[in-house]
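There are structures below to look over.
Both complexes shown next keep chain A, but they swap its partner, so chain B is in the first and chain C is in the second.
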Partner chain A sequence: MIQVSNLSFSYTKKPFIQDMNFEVHEGEIFGFLGPSGAGKSTLQKILLGMLPGYTGSAIACGTECNRHDQDFYQSIGVDFEYSTMYEKLTARENLEFFSSLYRQRVRSIDELLSLVGLENDGDKKVTAYSKGMKSRLNFIKALVHDPKLLFLDEPTSGLDPTNSRMMKDVILEEKKKGKTILLTTHNMQDATELCDRVAFIVGGKIFALDSPHNLIMSRGAAKITYSWLDNDIEKTGSCQLDRASEDVTLKGLINENRLLSIHSSEPTLNDIFIDITGKTLV
Partner chain B sequence: MSRIRSISISFIHMLKFVKKDMMLLAAGVSPVMIGAAIRFGIPFIENLLVKYTGLPYVMEPYYGLIDILFAAITPVIFCFVAAMVILEEHDDHIDRYLFVTDLGRRGYYISRIIVPAVIAFVITAALLPIFGLSDQVVAVEVSLAIAGTLQGIIIALLVVTLSSNKLEGMALTKLSSLLMLGAVVPYIMPKPYSYILSFMPSFWTGMMINENNIVYMAACVAVSMVWIALLGIASKNK
Partner chain C sequence: MRLRNLLIWDMRFQSRYGFYLLYTFLTLFYIVVLTAMPSSWRGYAAAVLIFSDPAAMGLFFMGAIVLLEKSQRITSFMAVAPLKAKEYVLSKVLSLNAIALVVAMILTLSAGGRNIVAVLVGTFMAGTLFTLCGVIVATKITSLNQFILATVPVEIVGFVPAILHLCGITPKSWGIYPANACMDLVAGREASMIGLVLCALIIAALFRASVGCVQKMWQEQGGVKI
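Take a look at the complex of A and B:
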């Protein structure tokens, strides 16, 4: 669905996106992870055909992004991070207008509103919406023309846990229908949960690209931390989960029933990101 | 066909949007009111001034100039309304979304600037024979309508390119409307000094009427095209 090879781009004389290479397969959820200013949005703009002055190749839906025709956007849906709605119009009027711009058959507005729990708010003006409601409305706007490729920028930003869950379920439903989804996010938990593969982007370069599971596993197995009392003083020890049987202290404590606590923990995608890139996701 | 369809939808949507904004709606209907005020008000004032001063005429030599300004008013107002809509859509990030729909960047600007400008041209060409003060041949009236329309497009592009929000846009519209005053220069400044202001398209419209020579219209169109091309590039890079 997307092929990027030797892609470079710069706003000034200083290189910004540098020699990027990756592919996104049809039906995949692919995550761009990186701190602010890493180049995620620029990459998204290039793939949307909004920044034609790049070198190398960026092909989306079979079209070189800087040579696309207008039909290109029939297959693409975009959910920007910020609201892109007419505040003076109702949600329904907004969706009706945006869907009318496409010539293909569009999805039912009522169905889309209920998909994200806005079925009772469709006739309210957008200006009366909360941030979370606007975020959900923005998301379904990207679905009105039933595109094959979806660009989602921080889709769960500003949502409470219940609505965030709802949104993630809808994203997974769209994936089941065969849509390819490009997710840009700071949220490592969302990325771990939703993405088939992720790319860590810092300073316009891809530092790592793999499935969240493989990235986590590549940096060592889960760890066990345990504690026990020794002459009324609490002591702690730790070992790798897959080498627990080799830990003599742990074995002894289990045999003598002296364990005070035992926990297992595995590194998160965030730990891996910091480990690989040396940066935090701020 | 698909592009024309989405441009029409986008333009009709803009009209509905303007209908909800009383200030923009008032601006949209003002050309007829201004035309009527000019047609009936100026000759009335001229009569009073002639009686009061005893001169054979006071404002009459400038009727052609008044027609130039009237020919520019409808396009400038229509393009101002369009520029305000563009700036509001920019403030709400809607333009960037429309660029990635079937409408596209080019379709968006056509629906917001070119379509209103064409409509303004038709209205101006229709109103000028009704409200015009000087007796001009059809070719000159059409030329004035074209010059006014180009002026409107230039002002809309100036406002859209140089201002970052609606408030700045309103201030800049007032400033950029000064471009219309180039038409006054041939009436008040002798050659060759007047050519200092020849970069203003309206200067050439003034020359056309003042010297009764339609050839100057070619210079007006050429200068306007340079402005539009430069502003088009600048707005793309904004």
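Take a look at the complex of A and C:
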């Protein structure tokens, strides 16, 4: 669905996106992860054909992104991080307007509204919507023409945990229907849950590209942390899960039934990101 | 099909944002002004009113329309929609001209004018000229104050020669000036054919320029600074 080879781009004389190579397969959820200013949005704009001055190749839906016509957008849906709605129109009117711009058959507006829990708010003006409601409305606007390729920019930003869960379920449903989804996010939890593969981007370069599971497993096994009382003072120790039998202190504490607590923990995608790139996600 | 949909929605937006209500009040006010005048003045007064308001409304309102769309980030969406810039511009020109034509017809009838077809053709041509200038200026500004300042040269070049021409202050040969040719039609008079051809050519050039400006504005929403 997307092929990027030797892609470079710069806003100034200084190189920004540098020699990027990756592919996104049909039906895959692919995540761009990185701190602010890493080049995620620039990359998304290149793939959307909004930044034509790149070198190398970026092909989306079979079209070189800097040589597309407006029909290119018939099969692409974009969920911007911010609201792109006429505030004085109702949610339903906005969706009717945006769907009228597409040639193909569009999805039922009632079905889309109920998909994100807005079935009772469709006739309210967008100006009366909360940030979370606008975010959900913006998301279904990207689905209105049933696109093959979906660009999502921080889709769960500003949502409460319940709505965030609902949004993630809808994204996974759309993947099941065969859509290819490009997710741009800071949120490692979302990326771990949703993405088949992720690319860590920092300073315009891809530092790592693999499935979240492989990335986590590639950086060592889970850890055990335990605590016990020693002369009424709580002490803690830790060891790798796969070397627990070699930890003499732990063995002694188990034999003497003196363990106060014991926990296992895997590294998160966030830990892996920091480990690989040396940067935090701000 | 898409242009038709866009046109219908543009008219709905204009209705929702009070354009129709505003022009209902303005038309009533203009009718009162015209009926209060001596009948020999009405033809000239109606021509000046039509030329400087409904025909020129595109120049005044495009700034507000485009700034509103920019502030609500609609232009970001337009950049990734299958909509063509020429459809966007055509829809704005036709929807604003629809209001201008209705108001021009009512004012001409209330002033006792007879050459309605000429008035409507003149209003349409002037309306298109002014709306296209409005689109070009609106795509380049970031505030209403900037828009008001930037449209002053267009107003001087568009209105002053046309009003002087209507009043017979400038030589008759100046009828070939495109704004003057439009004014002749709006006043229900015979217009210079050369002036009308020049006007059509300028409309074609402005249409091309405004499509380019809209395309550039949409790209800039994507972060390109050209």
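By our rule, the second predicted complex is superposed on the first by the 282 of 282 C-alpha atoms of A that agree within 3 Å, B and C clash if a C-alpha of one lies under 4 Å from a C-alpha of the other, contacts with A are read in each partner's own complex, and residues count from 1 in each chain.
In the analysis below, a residue touches a chain if its C-beta (ideal position, glycine included) is under 8 Å from a C-beta of that chain, and two chains touch if they have at least 3 such contacts.
The structure displayed is predicted, hence computed values, not measured ones.
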**Asked** Looking at the combined model built on chain A, do chain B and chain C fit side by side or clash?
**Response** clash
**Request:** Check whether A:Leu101 is in contact with chain B, with chain C, with both or with neither, and answer first, second, both or neither.
**Result:** both
**Asked** Looking at the overlay, does A:Thr42 come into contact with chain B only (first), chain C only (second), both, or neither?
**Response** second
**Request:** Report the partner of chain A that touches more of its residues: chain B or chain C.
**Result:** C
**Asked** Now for A:Tyr73: first (chain B), second (chain C), both, or neither, which partner does it touch?
**Response** both
**Message:** Quick check for you: in the superposed arrangement, does A:Met85 touch first (chain B), second (chain C), both or neither?
**Reply:** both
**Request:** Answer with first, second, both or neither: which of chain B and chain C does A:Met50 touch in the superposed model?
**Result:** both
**Prompt:** Just chain B (first), just chain C (second), both, or neither: which does A:Ser8 touch?
**Reply:** neither
**Message:** I'd like to check the shared interface: which positions of chain A are touched by both chain B and chain C across the two complexes?
**Reply:** 48, 50, 70-71, 73-74, 76, 78, 80, 82-88, 97-98, 100-103, 141
**Message:** Which residues of chain B touch chain A once you look at their complex with the stated criterion?
**Reply:** 2-3, 5-6, 9-10, 13, 17, 20, 92-94, 96-104, 107
**Message:** With touch defined as at the start, can you tell me which chain C residues reach chain A in the complex?
**Reply:** 1-2, 5-6, 9, 12-13, 16-17, 72-74, 76-77, 79-84, 219, 221-225
**Item:** Residues of chain A touching chain B in the complex
**Value:** 48-50, 70-71, 73-74, 76, 78, 80, 82-88, 97-98, 100-103, 141
**Item:** In the complex, chain A residues that touch chain C
**Value:** 11, 41-42, 45, 48, 50-53, 70-74, 76, 78, 80, 82-89, 93, 97-98, 100-103, 141
